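Working notes, beginning with the structure itself.
Labels run A, B, C and D following the written order; every chain starts at residue 1.
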């Protein structure tokens, strides 16, 4: 029996298909402006990759920002519980998860069995989120991957003062216009994100091991800055963006095993 | 000499530690202008005003939420970072919500001994003065316990003299500021430093400063401004105004005239005189005396030929925020343009304020 | 004799060349481009006016980056330049609402056209050009069309958040619930108009009101503001150059 | 954007309150002329006003009525247009919006409130109240009486200096009212009002005691409403009888083991003020077997002291000094909250961070630290208690759902 987890994030939508203990496949698409059908599109793409038909799925759990409007899900679970369960499955030693998603940033504490223990979220301000980095990449005319590499080559680190994402953008443009080295500006941006995220983590206390998930988990420069601040090296999932969808699939599997159709 | 006052403020922690070692006496932290420092002084201890810093309150933010007045959070942050480890006590007066919260917060989160709550009546009445006098008597007994010295009526009268003299000196500097002999930043440094070092030492410094200022020929081509502010625990804001061509010749700030405007009547019984002065002295907005508050502002305005007013209130400070619309009306009724800032005590804030201050001064120059 | 006014903003730079009571030429260039360097921008404007540097008597610079303009004879604040430019365009102007790329400002004038008070909002991005730009990226609607699209909606989807970034996450949740774009945009313009009115109410406003700044070109926002103010506002043909125009007028007065 | 508003009431007696409140405001509005009208804040000795037949209008309550009827954004915006910063208390902005009107202000519930002759505010709650009432006094050009009392952050004490001052302030207050009404205070009538008020307070303490029962007979959904008569009909027969009926209904529910939910899975404490425009949040957990069993705002946990003196004013001065009504020092608050968690068998705490109510807001982070130290699960949600524009349904529901999942997962 196939278990499916669908995570409708504010920027990207993900789906994971699970058969017993192995992950059959996953998919990831931009949620975009027409989100109602993006849930179907992301699940269809996963089914196509796994060469399965919808009828073979035993149970579907939806999570994420848009979880309420996923038409075909039997159950919804919040992304907080899903990230705890998914991270625990990938790394059983995890106790603290930092999920840096598109629109928000979550700090989660879980126990040895992956149960959600404590959490705090910043969904009020874009600073420290995926979209903040996207905005900055667009302003500096580089791709997200280049951002990470360039930042690692920085010699100095320029202070970025504005906390509001919209004003950080104009601060970055004026720094560049003054001829500052792009790499130092990037290093400053990444360190501002790390500082912001560190404050969030302190709200729930950090216990090793630390897992960093979400799109920004792929940005090594930010990860290194966070590790410096927290004083812990982080475990990084191969696919940091699907941890939530994986957790949802694990909940679906649990329901199947409990005999719930 | 006047330039050196700024250094006294910046190195206040080292100065206090050095004094403590040199004299083998105790240092008592004080919040706000409502605590009669004369009593602490008469007990042979050094009263120092607790100030925040223009840096991120990384520790303080774990104990206080974001939408509150940033000054007390910053003070707790300094304590949590060990900058106030030399204090032998902290006096918290019953002033406003956030300062009252300092009493619980410092007791719960710092190892500093003798966190003392001083009852201050919130309404001015003769019963209030009696009640405040009784509380000052209780306060005196506690200070005697902490210091191990007794406070005689004589030593209290002597302390009141030293403090009154300091107020006169600051008052003369206040008059010189109007004539352009002392800048707004310099007067604020004088007031701030007065709150941080032993009073008679500050009196000696002030004698030299006034003498030095007396020989200057009056500057004063700047645009004459009145500054109404809540808490400003450093001189950066006034420095920014004077860099932009402003000339601060009158103010109603706690770090300005509010601290020294009225002296203590040293003829009457000391505790009674202290109770009267510190209860009814310059009403800060929270004393619920709108009329007396506006009369005081008018008193400082009179004869100052001010051209414009800058009001700087810290965010989420209820006392000032409620008064602001009426204070603004009062200034505008006198044809004085008003520029308002909602302060957040962040590092980057000053740069964003520069643009508006330059525009305001250009407008006033006409 | 021609006079130059240059407004160096953090997002756009605009130049006006002015001679015997006429605007000879004007130029708006976004600061990302090469031509936004002040000297090059002034050269391009002079070219458009058919003049060369020699015929330029005096130049006044304004805007956040004004101190970087070394060839200016005077540097003046945006408040003074916006006011002077607005009065030249509309003699009955008593209030100027400048809706710039990064900040918005309301300026109140007395009956002689002199600035009596002003208030600035550079802390919250709601209503700024940058805000509309990031909304346009989010909703996949070009900035120029956002106003028009909002006007087409019969009913608006309420966007209640007061802070720009909250508003963005709220818009995203509306998108997720499949709300039509024009209804979201209509709600957004109402929220922004309210935020601008919060600023405007910090000074006493008198008629006539002049709207300046790039955001003033948005028809839906103008309509919402007029509904709240209760009377029509004056719209300059080119709202983005009013600051540079004021600077050019100051340059004329300075050497006149 | 709020979808639902009033809370589901589980007790019959609670349903009587809206009618009582409507009658109270209607009566107060009609006979404006023959009785002096006082605009009052909470936390003042309403027995004195009751004894001197003052037509008292409690503005904070009226603000919650405006919020509950979803009028807060219009009133708040009108208040802010009049120059009152968004930082200040939501109640104040609503009332300033109501007072200064303008086309922003919506139509006032119950046809508005009676025009005041004077204002009364206490000094020992928060600065916002004093600033707000001083502002209204200036706007209406009416006298504002500030009732002062020793703050006593560590709670009750028996210092006679404090008693003398409290008594002097109560006597000044009586003198002020006598001057306003031109009548003399009848001390026997005040004694009667005082005893009645104490009795209805003590019954409430019994009711709150009973709420410790499992399953919870009465949750916060009802509690925030049933405190209304005790606060605004103090010292009246109606109020006394109301609580008698409530007491019997609650004890009946305990005997028959009638709970808010058939099978209680987890019990919550709501710390801080509720969101008056969306009280249904207090029932949100019931669908998942959760109940908001208790709340720490308006928490009745200490019986009134026996009469301390023949003269009612002296009696009030002594008892208010021995038992400070507003123990707000963080240490007292933390102690009370931990006692509630223990005595009411609470599994988790909802910390309502309400940015514009300084009194409640300042304490929440420290309360969170104390709860974390005691490993008591807690959730912080930030939203204004009266200004609906700060409420974001999506963000609040995500947090509540996650907290419910955490509570239920702890069960397994």
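Methods note: a residue touches a chain if its C-beta (ideal position, glycine included) is under 8 Å from a C-beta of that chain, and two chains touch if they have at least 3 such contacts.
Just so you know, these numbers come straight off a predicted model, no measurement behind them.
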item: Farthest chain relative to chain B (centres taken as mean CA coordinates); value: A
item: Two chains sharing the most C-beta contacts; value: B-D
item: Averaged-CA centre spacing for the pair chain C and chain A, given as whole angstrom; value: 38
item: Centre distance in Å when chain A and chain D are each reduced to the mean of their C-alpha atoms; value: 42
item: Chain C and chain D: spacing of chain centres that average the CA atoms, whole Å; value: 47
item: Overlap residues in chain C, where contacts from two or more other chains coincide; value: 123, 166, 169, 173, 202
item: Where chain B touches two or more other chains, by residue; value: 62, 342
item: Chain A, residues touching no fewer than two other chains; value: 65, 123-124
item: For the chain B and chain A complex, residues of the former touching the latter; value: 58, 61-62, 346-348, 351
item: Chain A - residues contacting chain B, complex; value: 161-162, 199, 202-203
item: Partner chain B, residues of chain D touching it in the complex; value: 82-85, 87-89, 92, 123-124, 126-128, 130-132, 134-135, 137-138, 144, 146-148, 150-154, 161-162, 164-165, 168-169, 172, 328-331, 353, 355-356, 358-359, 361-366, 369, 382
item: Of all residues in chain C, those that touch chain B in their complex; value: 64, 76-80, 114-120, 122-123, 202, 204
item: Contacting residues of chain B [partner chain C, same complex]; value: 332, 337-340, 342, 352, 355-356, 358-360, 362-363, 366
